[in-house]
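Read through the structures below before going on.
Same chain, two partners: chain A is paired with chain B first, then with chain C.
Here is the complex of A and B:
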């Protein structure tokens, strides 16, 4: 059995940043295991720009952003195994993986960072009537076809879901000569970033149809068209609003699911709202020495925040390995009044750094007061002009304020009308 | 005088910006932005809109059939589709490195098209 201080599962932006931070903090033996044939994760197919505005102060494409980290990583003595699939993480932090060179390999790790990312919700998760012709795919699959494999998956396209990948693909397909007939969104607001709605749809005159969904697909061998309909406030199709749109491709951008099969088998507790592990301020899960960061923990909008979070996990793993992680009693966090969830879910009171509480709201809110309170005491209060489910928000708690809280205290992030 | 409502795309916040233009189409005022970049974006967007362009070009002899590229600087928005026609004519030979110019001065805009991955 191989022996490592730290095993990082996943070599995307989260895994690379965590490994690099742990290395910087003095962890000696680090192994990164990556399923694909290169490091970089999903960034490799995200060829559009906009990555790195916060972290580097530059507007990079996905592969460029990834290369900043993979170049740095290959200059260190961090071991990397690509084309390697992790099969299991045991209760004792033994990581079992498989690849073509080593066969089955087992690694005893002092600490593990989970950085497996997320995957797209597929057609099977939706109730769309119709058979299974070719031409129906997730937006991310289409993105891989166009940007990595170099071929066009269709000529006339309808996109269901206005998540960022769907919006980005609407523009990409249009630039490559396809006709994108509509982007349909079940909700009355878009799930994507505003700038993507402007630059990917409005720039090209692509209609965004809100409160609208695909209720049926048509075609036997190849998709021939879809029937769309408007929906009521309960997301139910309204009879009489059906419209047939001829198209050869239907792309789905209907949500992302953190990929936590390994976390579950490792015995990590998951948050039912984020579908990711419950973690503390260093992103340590309910299982000692197992950390989680990036989209496996919570689905992010911006890779810059993934990097920031993953550096925390890497720093936390380094502290754990050196037995220097802050202890001293936990406080818990929760969202209320429109705040759907808060990450981290718990915080060590005696932590050695300020803690950012990341959260999302459940609906579009304008002119609200956002507060962090503990019992009757309000720690932070701030006016927010606008918050939307598509954009992750955060508030920063000072370490000195955390230290004053009693053990077992509950911090609540909530909103009220301003 | 007329006003134009825009959503600033300089960063993910997406401020709702209102631009007031005089009868000659010159910008008189910009309101609603929360930083300097919002002001310059709004002025630019009303007079001379530009966009970053990203795509792929064919590559032979590399690990992948295509390599991603971007415009080194934003190009005029109205030229996006014409630039795509030029980019789609390009074929490069591996090896290609991040930052390599694959097409210089596209459509005489003074903007180079550069590779954004190694291939």
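Here is the complex of A and C:
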């Protein structure tokens, strides 16, 4: 059995940043396991720009952003195994993986960082009625066909869901000569970033149809068309609003699900709202020495935030390995009044750094007061002009304020009308 | 091309008949109109091996169901097909339904079904804690089971081909000329001559019979819709849980599958178009509402896919198995609706007997009754996996992450006798793409592997044959 201080599961932006931070913080033996044939994760197929504005202060493509980290990583003594699939993480942090050069690999780790990312919600989860022809795929799958394989998965396209990947693919398909007939969004607002709606739809004259969904697919072998309909406030199709749109491709961008099957088998507790692990301020999960970061923890809009979060996990793993992680009484966090969740879910009161509380709201909110309170005491209160489910928000708590809280205290992030 | 027997249709019935006939010295052709076997009713049904108490006394359905259910475990063992003897329950929710359960019990005894018993409420809940508390009792059938119908068909075809049967895919029969000593079948792959024809064309068997002027078969296309739930919900049912049947079928069932998923369905709707396997919002809603009556904790958040299948319902309400009035060389095997899957092994034996009697065929000495167990990396121990990868590196490369399917298994599926030619064919043989992400990640890799192994351009690879291509040309 191999021995490592830290095993990082996943070599996307999260795993790379965590590994690099742990290395910088003095962890000596680090192994990154990646199932694809290169480091970089999903960034490799995101050839559009817009990455790195926050973290690097410049606009990069996905592969460029990833290369900043993979280049740095390959200059260190961090071990990397690509084309390697992790099969299991035991209760004792023994990681079992498989590839076609080592065969079955078992590694005893002092600490583990989970950075497996997320997957797209498939058609089956939506129960769209109709036939089962070819031509129905997630936007991410289509993106891989176009950007990595160099093939066109369709010529006339309807996109269901206005998540960022769907918006990006609307533009990408248009640039490749396809006709994108509409982007339909079930909710009355888009789930994507405002900048993507402007740059990917409006600039190309692609209609965004809000409160609208696909209710039926047509065509026996290849998709021939879809029926769309407007929906009411309960997301139910409104009779009489049905419209048939001929198309050969339906792309789905209807949500991302953190891939936590390994985390579950490792015994990590998951948050039912984020579908990611419950973590502390260093992104340590309920299982000692197991950390989580990136989209496996919570689905992010921007890779820049993934990097930030993953550096915390890497730093936390380094402290754990050296037995220097802050301890001494936890406080918990929760969302209320329109705030769907808060990450991290718990914080060590004696922590050695300021803590950002990341959260998302459940619907579009304008001119609201955002507050963080503990019992009757309001720690932070701030006016927000606009918040939307598609954009992750955060507030920062000072370590000195945290230290004053009683053990077991509950911090609540909530909104109220301004 | 001259054959002694042409079997039309490679569903579970046709494939098992072909395999049975491959015991003999007869030259057998198995003709399938689609790009793969198991593409009709066989791929979309409840995947149940019924006890045999449901069909009326004295019918072929009753007789062949009981016999088929008896044969199934050994057959699945020989062919290495997933089968589980999980038993079934017919739930009663009222005294009236309880009377029906008693009637089924009596009928089952007359049909010769072993190991039937009637349970009271407590006994039902002890067996199935997630069944509704409103249950008053149930019929337990201990011989009932579950099987993977397409894997059974794939395995039977593989085994038949190993034993010399010739398999023709994309071979739709368009006309049949009748001669004194046999037939010429006009197909989409040219003419095929055969001394005997076995018509196992499923929902199309009436059309095939009509090609020799036999219009005695009257089939109704009866659509059934299903939901398949994630393995995380498999715990909700251990037995196959039926409700009291009605005239359209056995009601909506809740059952585990051999892969550990949970299956609920079917609805029942008679339709005009035999190829209409579209799902409908109403049908799926019906399935969920009815299924929740049996198992209230069902939650659609666990749904990974929905699908519809077609039953070939005969207006005679029984299987039609016999030589046509128009020709004593043309054997109809039609109207094989539920319990058709359960009965299929017995149907194959019966047809074998009928054909052998006519042809005086001799048994071959070199018949291979089973197939080698396919590699299932996900079910192996660490040392088994190590040994496997040491032999062949391709088993060390995981392609489908949700179901842990390796490249080696996909190569096996493609290169097997009557192997996979399309993405769905790989999926049915290996489970690649059947998990939570439904091929989101592995789909493109499977296209790549098919393209490489079959020497097809990427944009010629299909989902399930025909025009179901996945990619158009290259990007700009």
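In this text, the second predicted complex is superposed on the first by the 418 of 418 C-alpha atoms of A that agree within 3 Å, B and C clash if a C-alpha of one lies under 4 Å from a C-alpha of the other, contacts with A are read in each partner's own complex, and residues count from 1 in each chain.
Keep this in mind: a contact is a pair of C-beta atoms (placed from the backbone, for glycine too) under 8 Å apart; a residue touches a chain by one contact, two chains touch by 3 or more.
Because the structure is predicted, anything quoted here is derived from the model rather than measured.
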item: Which of chain B and chain C A:241 touches, first, second, both or neither; value: neither
item: Partner chain in contact with A:176 - chain B first, chain C second, else both or neither; value: both
item: Partner chain(s) touched by A:137 [first = chain B, second = chain C, both, neither]; value: second
item: First (chain B), second (chain C), both or neither touched by A:337; value: neither
item: Partner with the higher number of touched chain A residues, chain C or chain B; value: C
item: Contacts of A:302 with chain B and chain C, given as first, second, both or neither; value: first
item: Which superposed partner A:198 touches (first chain B, second chain C, both, neither); value: first
item: Chain B versus chain C as contact partner of A:150, first or second or both or neither; value: both
item: Touching partner for A:230 - first (chain B), second (chain C), both, neither; value: neither
item: First, second, both or neither for A:108, with chain B first and chain C second; value: neither
item: Where chain A meets both chain C and chain B, residue numbers; value: 146, 148-150, 176-177
item: Residues of chain C that touch chain A when the two form their complex; value: 227-228, 275, 277-281, 283-284, 300, 303-307, 382, 385-386, 389-390, 393-398, 401-402, 404, 407, 436-441, 443-444, 448, 458-459, 462-464, 466-476
item: Complex interface listing, chain A residues touching chain C; value: 35, 83, 85, 87, 96, 98-104, 119-120, 122-125, 127, 129-135, 137-138, 140-141, 144-146, 148-155, 176-177, 215-217, 220-222, 257, 261
item: Chain A to chain B touching residues, read off their complex; value: 44, 47-49, 53, 59-61, 63-64, 67, 146-150, 175-177, 193-195, 197-199, 203, 301-302, 391
item: Touch list for chain B against partner chain A, complex; value: 7, 9-14, 51-56, 58, 64-66, 68-70, 77, 80-81, 84, 88, 98, 116-118
